[in-house]
Amino acid sequence: MRYLPLTAADRRAMMDVIGVREVDDLFRDVPAAALNPKIDLPLHKSELEVERILSAMAAKNRAAGAGPFFVGCGAYRHHVPATVDHIIQRSEFLTAYTPYQPEIAQGTLQYLFEFQTQVAALTGMEVANASMYDGSTACAEAVLMAGRVTKRDRVVLSGGLHPHYAAVARTNLDLVGAKVAAVPLDPGGTENLAALIDANTSCVVVQNPDVFGNLRDLSPLAAACREKGALLIAVVTEAVSLGAVRSPGEMGADIVAGEGQSIGNALNFGGPYVGLFATRQKYVRQMPGRLCGQTVDADGKRGFVLTLSTREQHIRRDKATSNICTNSGLCALAFTVHMTLLGEKGLRRVAMLSHEAACKTADALAKVPGVKIETETFFNEFTIRLPTNASEVVNALAAKGVLAGVPGGRLWPHDPSTHDLLVVAATEMTTDQDIAAVARALEEVL
Amino acid sequence: IEESLIFEKDAFDKTGVDLPEPKGTSRLGAHARDGAIGLPGLSEPETMRHFVRLSQKNYAIDMGPFPLGSCTMKHNPRLNEKMARLPGFADIHPLQPQSTVQGALALIHELAEWLIALTGMPAVAMSPKAGAHGELCGMMAIKAALEARGEAQTRKRVLAPESAHGTNPATAAQCGFRVDSIPADRSGRVDLAALKEKLGPDVAAIMVTNPNTCGLFERDVMAIAEAVHEAGGYFYCDGANFNAIAGKVRPGDLGVDAMHINLHKTFSTPHGGGGPGSGPVVLSEALAPFAPVPYVVKENGGYHLVETRRAAEAEGEGHAGGRLTAFHGQMGMFVRALSYMLSHGLDGIRQAAEDAVLNANYVLARLKTEMTPAFEGYCMHEALFDDRFMKGTGVETIDFAKAMIDEGYHPMTTYFPLVVRGAMLIEPTESESRQELDLFCDALLSIARRAKAGDPALKSAPHHAPRRRLDETAAARAPILRWTAPDRE
Amino acid sequence: MRYLPLTAADRRAMMDVIGVREVDDLFRDVPAAALNPKIDLPLHKSELEVERILSAMAAKNRAAGAGPFFVGCGAYRHHVPATVDHIIQRSEFLTAYTPYQPEIAQGTLQYLFEFQTQVAALTGMEVANASMYDGSTACAEAVLMAGRVTKRDRVVLSGGLHPHYAAVARTNLDLVGAKVAAVPLDPGGTENLAALIDANTSCVVVQNPDVFGNLRDLSPLAAACREKGALLIAVVTEAVSLGAVRSPGEMGADIVAGEGQSIGNALNFGGPYVGLFATRQKYVRQMPGRLCGQTVDADGKRGFVLTLSTREQHIRRDKATSNICTNSGLCALAFTVHMTLLGEKGLRRVAMLSHEAACKTADALAKVPGVKIETETFFNEFTIRLPTNASEVVNALAAKGVLAGVPGGRLWPHDPSTHDLLVVAATEMTTDQDIAAVARALEEVL
Amino acid sequence: IEESLIFEKDAFDKTGVDLPEPKGTSRLGAHARDGAIGLPGLSEPETMRHFVRLSQKNYAIDMGPFPLGSCTMKHNPRLNEKMARLPGFADIHPLQPQSTVQGALALIHELAEWLIALTGMPAVAMSPKAGAHGELCGMMAIKAALEARGEAQTRKRVLAPESAHGTNPATAAQCGFRVDSIPADRSGRVDLAALKEKLGPDVAAIMVTNPNTCGLFERDVMAIAEAVHEAGGYFYCDGANFNAIAGKVRPGDLGVDAMHINLHKTFSTPHGGGGPGSGPVVLSEALAPFAPVPYVVKENGGYHLVETRRAAEAEGEGHAGGRLTAFHGQMGMFVRALSYMLSHGLDGIRQAAEDAVLNANYVLARLKTEMTPAFEGYCMHEALFDDRFMKGTGVETIDFAKAMIDEGYHPMTTYFPLVVRGAMLIEPTESESRQELDLFCDALLSIARRAKAGDPALKSAPHHAPRRRLDETAAARAPILRWTAPDRE
């Protein structure tokens, strides 16, 4: 077996040193009946065979790059420079562990420090952690943290929050018995959340741009939260939007939970992604997840370490701020490398090109008979209402090689009022030909 | 050459990407961001050099042994990386029509079948994003099952050994349980009699790692399972150490109700300096109905996803658990893990477990001449030592660990498990050759001898690393968590 | 421009330090009329645009992996493990220069030393150099070296030598006015080269397996060469064959010139490849190309350096053994990594699997009416005679998605006697389905 | 950790690949190899670690400045690597039917068009495999042209400056020419008057590098070309330094007849520790008919290859040169170079040349306070210093160079060109940022000051490298060119 360095002779010699006759002597604590069961699985395969099997599976999926593509709703197809993948594949990054031995992990630690600084700047917040699993779990952790900070147990989830995010938050809140205020779906982005805040409300969770693509001014809501002692949690599922639209920090958010996938990371069918988590300095000891901090070494040189681990499970155990252990280090590195290449200048450009492509797409679709644009102000994603079931339209368009967006029925299968909605996203990768193709195909289908 | 932070490179007005000039049309209106964000941009050569230089300050498996106990730092085949980057896996969107991702769904289903076969359990939840997330998934299923039995309010206590990973109590607490610890017996295993005394009608579950964090197989595991089940509780097994027994023992045969599997430990998806991981959870018949959404169903030769609880109920799948994450789990890790499994096959997986155990015992045998094993007898996949052999020398476990850095090795896990004084937990994994282990053992024996001789240089190790010992106390006292422009300080 | 770190402000400041007003002041030695000409080329493009342009070009080629594939004649499609590409892409190998500063190039030097040892072992020779451009130029250099060693100027080229190799040798011999003995094409591999050696013959060049696939016993020819004071140059275009067939060294060759592509390297449409060059210890100072040698450093530690550079152009100038400067370092690394993974055990297996696949292919084709197998003993390649023009058959099969081999007309366009020949190669990548497909398709076409 | 040779790892019976067992059928008969070959095999983790460890003993551009004069060590974009690995380029065979490789032929044609446009020359031969191979191609074309003129026997002398790259005289000799050197004037350029004196009816060609190896533009280049042409000779230009003028000056406008272009210097295909390179040669009207086969012809919207001299003649292309290599040249490098060119565009290529010259002059300006420039005035893309500033200190150029290693830099080119005593030739290229150049200059200035002060530590540098100075004399005296098993020694 190509991955196993020991030869039969090695094993023999090592058993002699250990003083056993066969390897199963080392498994003598295992109940005999349970040892070496018959398992119905195939034997080892050559690299070539494995490649063939997996390539055949991959070939049964339609890659986004194979044609016009307008799918978003929490995962976006932006261009990632080749440099990013090269760097994250370097052995020293790819095959290192969590930087528990900082003397020989300064590479990982320094990029985490840079990542934290980038995320804080981008979200307009004071501090950020070293990443979470993804945006949805970051959002759930934010809600739990708001409970710890405010010692309240009622949560208001916006009707414009991505339904998966809402579901994950609910799952976690259910476990600790917290309550969730029911807010109806809000394709127009005009709900009045401030009115729902009561004295027991720990936080209001609102997404911007929301799942329908609406841009929202969070400032009034932030003021209302402040007044009533609740925290405002802003969710951002399209990190690139922060290159063009006002940051949650500017608008007064207390915690930002975001998905960082669209900077540096591929679509990957939903994972691995990288959760962004930023907040105010004063809440830092209530934050979940890993934090990298600056310090000095015995020679007085600047260096970085994981810090405030008294919040974490491996020290604090059942009193930890979260059970999280693994972060999304390599995806955070991809984010940081891509963001370093972009810089503010490049990020603004990607953002505005995406915005312009979305505007053009909206204009083109608006001309298709029967289509109604539902989203007034948007960044790179908007919602249209179709005269018929959007899922069926999407399937018909897929058969024509066009992946047109996310139908309401996929996100809210049990809410028929959404089933004629289609959420359409564009990025800097969207070409004029793509736009013409989707408009033409849609016209044919309708 | 010391490498500055990207923020110190005077590059707030540069970019390392070429993009066409936007036309300048904006419909963002009042939502438009103004003011500087404060993000530096570096040209491509500068970016490359910055991160290559940073990388060179890291230690990694590809450079040498990484014997962190409990972390299973094994070889990460590049085939897996290549496969995960096939456009048919990397460039597909989680919300594309399911008809356009049949290969992806098939892969998830196939991986699930492998996990089921290897664990002997009837079901698996694929979406958890890491080990701790898997624990959450398993304990959530237990809670849901108790609710279905109407006992959620009465069964609030979860038992876990003192030697447990910190994630166990943290997860239990996050699920609203109270944690009660089980003592260990003199052999480093759960004290069965003591456990039985702790059992009662308020016990929801027991959380046991097996092989446990002392590197030992819980030889009473079946009795433990029986006792817990008899008391009406569930048996959660922490699968962090599954690498020692994969292909050799099926948890399902031992009475386990739920166990997470770290694909990034047992099945070689890379650790990446701290993640991403992936933590599918296998579930017993009793818990299977409480698996979270989404999951893949094979039907009429095709695959589809069940994405909501109501949809699950509609399919007659019973209660169904809530959603743990957006989308469908760590697809990129699934591809890598399946690539690993297909490559090894059952024979390779079993051999890997045997080699992992053999390597650990070889290290144990070679080091016990100078160092003190924490417990008697053979170990499983990791060898645990305590600091008795250094008693009175002033040299402590941390000094020993840092001295290893100077010898060119990553230290082992230290001060864990908590039940052993000055613990040093060495997990070589199956990826080390005998030649490499011999060099490694020679180095450790030499450090041990120096420690016994009270060599003062050990107290200030490492001397040959990108940094000397770092002041962690100062870092925590006044945390500096981000770069700030000098004029803003 | 993403590759250029200087900003306009940097340039300004640097010009101030230098003391010029504009950059063209630094170009003042250029005749004014020639400076800054108008050139009709496009302006810079984004990474995404370049990717799209080149991917579109790539899509117009039929990749070997896209269907049954039997093309050989000096380039072979073997499986290369992913580890190989990962290692050669490491910055430290990819972006280093020739190891002229050995203190900081031990990585390159050690693998070259390992490469030289592997090549020597494989070819059965005493020493090997650190690689040449490719097999054909290695062959030409071998011929020139034989002239230097023997001080003779007549060369015998076998009729079984790859015609490109023969042409390259001729080109180089023409330049120095050496003579080439004309040997007719030899599809049967039975020519009597010994009879052509005269007192002025510096060397005989013979390929094994030859371009038609014939395996040859070089021992009698080696004896004849020895007797007449000529050198025997053995050419190997399929390095994998050395895992299964007798090495040139065993059979008495004086110089081995080989193509190393088929170990570790992709087909690459013909380049870059890696030339193997091995000979006897006593000729080492007449060798062309770079050599890596073992030595010690100031502390007495073993280390490696480029050595015997008094043979080379940068020291010896017009008296050098060759003008060669660049070698094929990265391809040699790929060779060494792949060979290290294979080991003797793996190499033998790849070789025998390739041999078996070729035997199966020959058996299957032999059953196609009208096909005659021309090659009696072969390794992984053989020649068949078709009842019609082989180029047309190959084109017809290509249209069916089968790349069936190399037609005689491609190699010897001016020799009609070869135009019904088809050279067919197989490797461990050839599947039973591929074999069935080519046989079926051929039957349909004939 | 010192890394042993693969032959020292006790691995002659292992393999790191899994392949099915051959069936055992062999028709090789007497041709079958028997006896051990002596090739060790390592498992995949061992292989990975071995080569990763070796790599860590290297210096590379991705780590820092690599200011080797004449070598143009610039940034190697990873986009180019990615493009070269597209199956449509990497996985195609040189002898596939031409109808199945139209994209590849189009790429070669497109790259040729770029080279033609940038050099202002009418033709280009694409197949040469490196710079020296390109020289061979160019000189061969000259020889063929002379033959066509019936002057091959009379014109046997080739003129080249003493400062020329060693490949120039070596190539001339390999083509059967005799080399005669041209003296330089005090400004470091070809002495035009002296050159004219050397010209005569036996001169075949002149070989001049421009910008020359002193980093200077040959300001008399057009007069040189005129004089050589008048004397009936050809002008071969060594294009190693084309990076300084690409997009700024076209050799075709200067009277050049042939010039090779190092794609691995000017157009960033990576050096790879010594290759592979690629050296297309542009040719004037006079030499174009003598270009070697094969070449690509565009016709009726498609492309085809002319692969033999007779085919070339049949196409009415005149004489045609012989074949220089099997197949069609360095396709992998062509893809990378075109990727580079498309990325830069004309504006980027021109800017790169300007930045390369600017960077070199910046280094010259900053270092001349402590070091002695070999010539007065501005330079082109590289700055040349001699060792006068260290005179009498006992410190020599080699010591200075090795001291740079301790500062974290790769040394510059030393002792070349031969015409300058203790030459130090610094070519920063356009890939260095001002910040990086400042650090670099600071380090060199500090070494220069230490040299002047006669710091003895310089004589034994490097101190902080994987190896101290290596004994090259011993290596050459009794060459050990391969590993030998101890028992065979």
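Letters A, B, C and D mark the chains as written, and numbering starts fresh at 1 in each.
The rule is short, and it goes like this: a contact is a pair of C-beta atoms (placed from the backbone, for glycine too) under 8 Å apart; a residue touches a chain by one contact, two chains touch by 3 or more.
By chain, with names taken from UniProt: A, C = Probable glycine dehydrogenase (decarboxylating) subunit 1.
A quick note: this is a predicted structure, and the numbers were derived from the prediction, not measured.
Visitor: Show which chains lie in contact with subunit B and also with subunit C.
Guide: A, D
Visitor: Could you compare the number of C-beta pairs in contact for C-D with that for A-D and name the larger?
Guide: When the contacts at C-D and A-D are counted, C-D has more.
Visitor: Approximately how many whole Å separate the CA-defined centres of subunit B and subunit D?
Guide: Averaging C-alpha atoms per chain gives centres 48 Å apart.
Visitor: From the C-alpha centre of subunit C to that of subunit D, how far is it in Å?
Guide: 19
Visitor: For subunit C, what residues touch not just one other chain but two or more?
Guide: Within subunit C, the residues that touch at least two other chains are 1-5, 44-47, 81-83, 85-86, 89-91, 341, 428.
Visitor: Which residues of subunit B are in contact with two or more other chains?
Guide: 13-20, 42-46, 48, 52, 56, 61-63, 75, 77-79, 81-82, 343, 431-433, 436
Visitor: Which subunit B residues qualify as touching subunit C in the complex?
Guide: Touching subunit C: residues 13-20, 42-46, 48, 52, 77-79, 81-82 of subunit B.
Visitor: Okay, in this complex, where on subunit D does subunit B touch?
Guide: 1, 9-10, 18, 43-46, 48-49, 52-53, 56, 61-64, 74-75, 77-78, 343, 408, 431-433, 435-436, 439
Visitor: Under the stated contact criterion, what part of subunit A meets subunit C in this complex?
Guide: Residues in contact with subunit C: 2, 46-48, 79, 81-82, 86, 89-91, 341, 428-429.
Visitor: Taking the complex as given, what residues does subunit A use to touch subunit D?
Guide: 1-5, 7, 9, 44-47, 81-83, 85-86, 91
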